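Can you keep this structure in mind? I'll have questions shortly.
So that you can tell them apart, the chains are marked A, B and C in the order they are listed, and the count of residues begins at 1 in each.
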Amino acid sequence: MSEPRDSLFEAPPLADQERMVEAILFATADPMTPTQLAGRLPHGCDPVTALAAVRRRYAGRGVHLVRVGEAWAFRTAPDLGFLMRHEVVETRKLSRAAIETLAIVAYHQPATRAEIEEIRGVGVSRGTLDQLIELGWVRLGQRRMSPGRPVTFIVTQGFLDHFGLETARDLPGLKELRAAGLLDSRTVPGTEEEPVETQDDLFERSPDGAG
Amino acid sequence: MSEPRDSLFEAPPLADQERMVEAILFATADPMTPTQLAGRLPHGCDPVTALAAVRRRYAGRGVHLVRVGEAWAFRTAPDLGFLMRHEVVETRKLSRAAIETLAIVAYHQPATRAEIEEIRGVGVSRGTLDQLIELGWVRLGQRRMSPGRPVTFIVTQGFLDHFGLETARDLPGLKELRAAGLLDSRTVPGTEEEPVETQDDLFERSPDGAG
Amino acid sequence: MAQDQITPPEMGVADRIAAEALIVDVGAFEGPLDLLLSLSRTQKVDLRQISILALAQQYLAFVENARALRIELAADYLVMAAWLAFLKSRLLLPPDPTDDEPSGADLAAHLAFQLERLEAMRAVAARLMARDQLGRDVFARGITEDVTRVRRISYTASLLDLMQGYARVRTRDDFRPFVMDRDNLMTMEQALDRMRHLIGFAGTWTDIASWLPGDWTGDPVRRRTATAATFAASLELVKEGRIDIRQGDAFAPIHVRKRAPRDV
């Protein structure tokens, strides 16, 4: 049952159909199915064949014709995705909570979360430790051989590199901090530095103690 | 991305530069200048050569690379506009005053408000110029170096883009108008002679003379 | 004006009818020049050969007709009528060689030029609008990919931050190092720090009172210390050559503005 239209209008040559599909897919805001394309193209066109031709033409180009479900769309060639990104590096200071947590891990490693919280006097959010781990400054150490076998946290080589330390033992003790003016000298008696006792084997192996 | 360091020293092969320019221009609706492209391409690329190669590649296709002032953009081939009826965004019809004002700014640029009024024989309502500026087709040029230092109006890259003009020199009928002396600024006989630099420097700076 | 020549001999019946028809929609014309251009079409000649005399008469007839029909004409139509009556008299009289005024022919040529130019601009405007237009005949990319700005945040902390952090934790319960209770005191350093950030935007004279941080303007004590600190900081910035400062009179508001780079 051929419609009268068929005889009146002949389908454009395939090369033109290809141009048309190219233009439509370029200009539309959404991927298009062959059926949708057929609705836009002049009568008698064959979108599937035209799509295949367009796809071949764009093979290896900076833009590809890709299939999205039943539909088709132009997309940037995957290897050129980097052109669509503009990387801005923003330097931010670490939050106070993160700094303090990091300091406690560095001075007391290996430290469990409970120990960090005890020293800081406030809870340590999961996010803070995650951030330090993501930064590559803190990692998980061995589990503590105590009830519950809690995980411990230790500082990494990346941490030492960043802070210009040979080992964590190079960190100054409270006495030195005070001498350097970083602590007020009016220390309440009885709160002399006790890191050495809480200290782990790393510090204990240290020949000159923690100061 | 794998070796950003390499790109600092060696530009990618031209075929790759071409793909990159293709990808970048496909990803945006706005024309981009070679300088803008260079900012996005790896170091050492030559956007002008790559643009010429891309333009050749798309000649006769359903999508063309067109020049818009100093910039370049992909646009659908004009003969395929009929396929894109769905994409047509209904825009507010411009008033006759707005259309004439736009033409006067384009052909006489830089044009002062007084000049526009002199040519049309009626006052230019504030809204008319505002509308053209809002459409992104007209913008302020440099102030005229004449008494009162009036502001001038010139057409934009958006204007060229909208009307498919490579440069303002390609305005239809420009040559004939100039030959007929209809772009000269003539004052009413018997009135003070104005400085004759009413004529637009855009056209005068043109290397190919009368455009 | 020109009462005796309402119907000049050059103007036929058809032209008069046409002129009268124009009166009906005078509001459709964009001013006298537009009307003149319309009238000129009845001469059916190239605008360069147009008879300005005949056109002037047509226009004057139009104005008279409008008056007869009690149609209110805008002032500029009447100004044009007066000018065309003057032009007509110049064109009809032989030129006076002792007259400094421009000749009727010069004035007529300029009017012809204006009409031709307006018509030309209309013609090119139509050609411009007939071009393929973006979004109507030609289309831009439908799916645009914006350049994503990947913000890679790099956190930094110095050894000093670390040590201070530790000291802070270890001594938290006992004392606070380097902290004094001076909530209601703004230091010059604070004000200076604030001004250094803001001064770039102060291109024009600004009252220094407007530089006070919002939370320092309510309480009189805080306002006083903030004002003093801001003033001292302003003087410091003047000394550095970064701003200008002025005060019109004793106790008048003090204004500062960024010093233009060329003045440095």
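Operating definition for what follows: a contact is a pair of C-beta atoms (placed from the backbone, for glycine too) under 8 Å apart; a residue touches a chain by one contact, two chains touch by 3 or more.
None of these values were measured; they are calculated from a predicted model.
Participant: Looking at which chains touch, is this a line, ring, star, complete or other?
Facilitator: Topology of the interface graph: complete, with all chain pairs in contact.
Participant: From the centre of chain A, which other chain's Cα mean sits the farthest off?
Facilitator: C
Participant: When you average C-alpha coordinates per chain, which one falls nearest the overall C-alpha average? Tell me, please.
Facilitator: Minimum centroid-to-centroid distance belongs to B.
Participant: Distance from the CA centroid of chain B to that of chain C, rounded to the nearest Å?
Facilitator: 21
Participant: If you average the Cα atoms of chain A and of chain B to get two centres, how far apart are those centres in Å?
Facilitator: The answer is 42 Å.
Participant: For chain A and chain C, what's the span in angstrom between their mean Cα positions?
Facilitator: 48
Participant: For chain C, write out the residues touching at least two other chains, lowest number first.
Facilitator: Within chain C, residues 139-142, 145-147 contact more than one other chain.
Participant: At which residue positions does chain A touch at least two other chains?
Facilitator: Residues 23, 26-29, 74, 76, 84, 86 of chain A each touch two or more of the other chains.
Participant: Which residues of chain C touch chain A in the complex?
Facilitator: 139-143, 145-178
Participant: Show me the residue ranges of chain C that touch chain B in the complex, using the header's touch definition.
Facilitator: Per the stated touch rule, the residues are 30-34, 76, 101-103, 106-107, 109-110, 113-114, 116-118, 120-125, 127-129, 131-142, 144-147.
Participant: Help me check something: in the complex, which residues belonging to chain B touch chain C?
Facilitator: These residues of chain B touch chain C: 26-30, 40, 73-78, 81, 84, 87-89, 91, 94, 96-97, 99-100, 102-104, 106-107, 119-122, 161-165, 171-174, 177, 180, 182, 186, 188-190.
Participant: Note which residues of chain A are touching chain B in the complex, please.
Facilitator: Residue positions touching the partner: 18-24, 26-29, 40-41, 61-63, 74, 76-77, 80, 82-84, 86.
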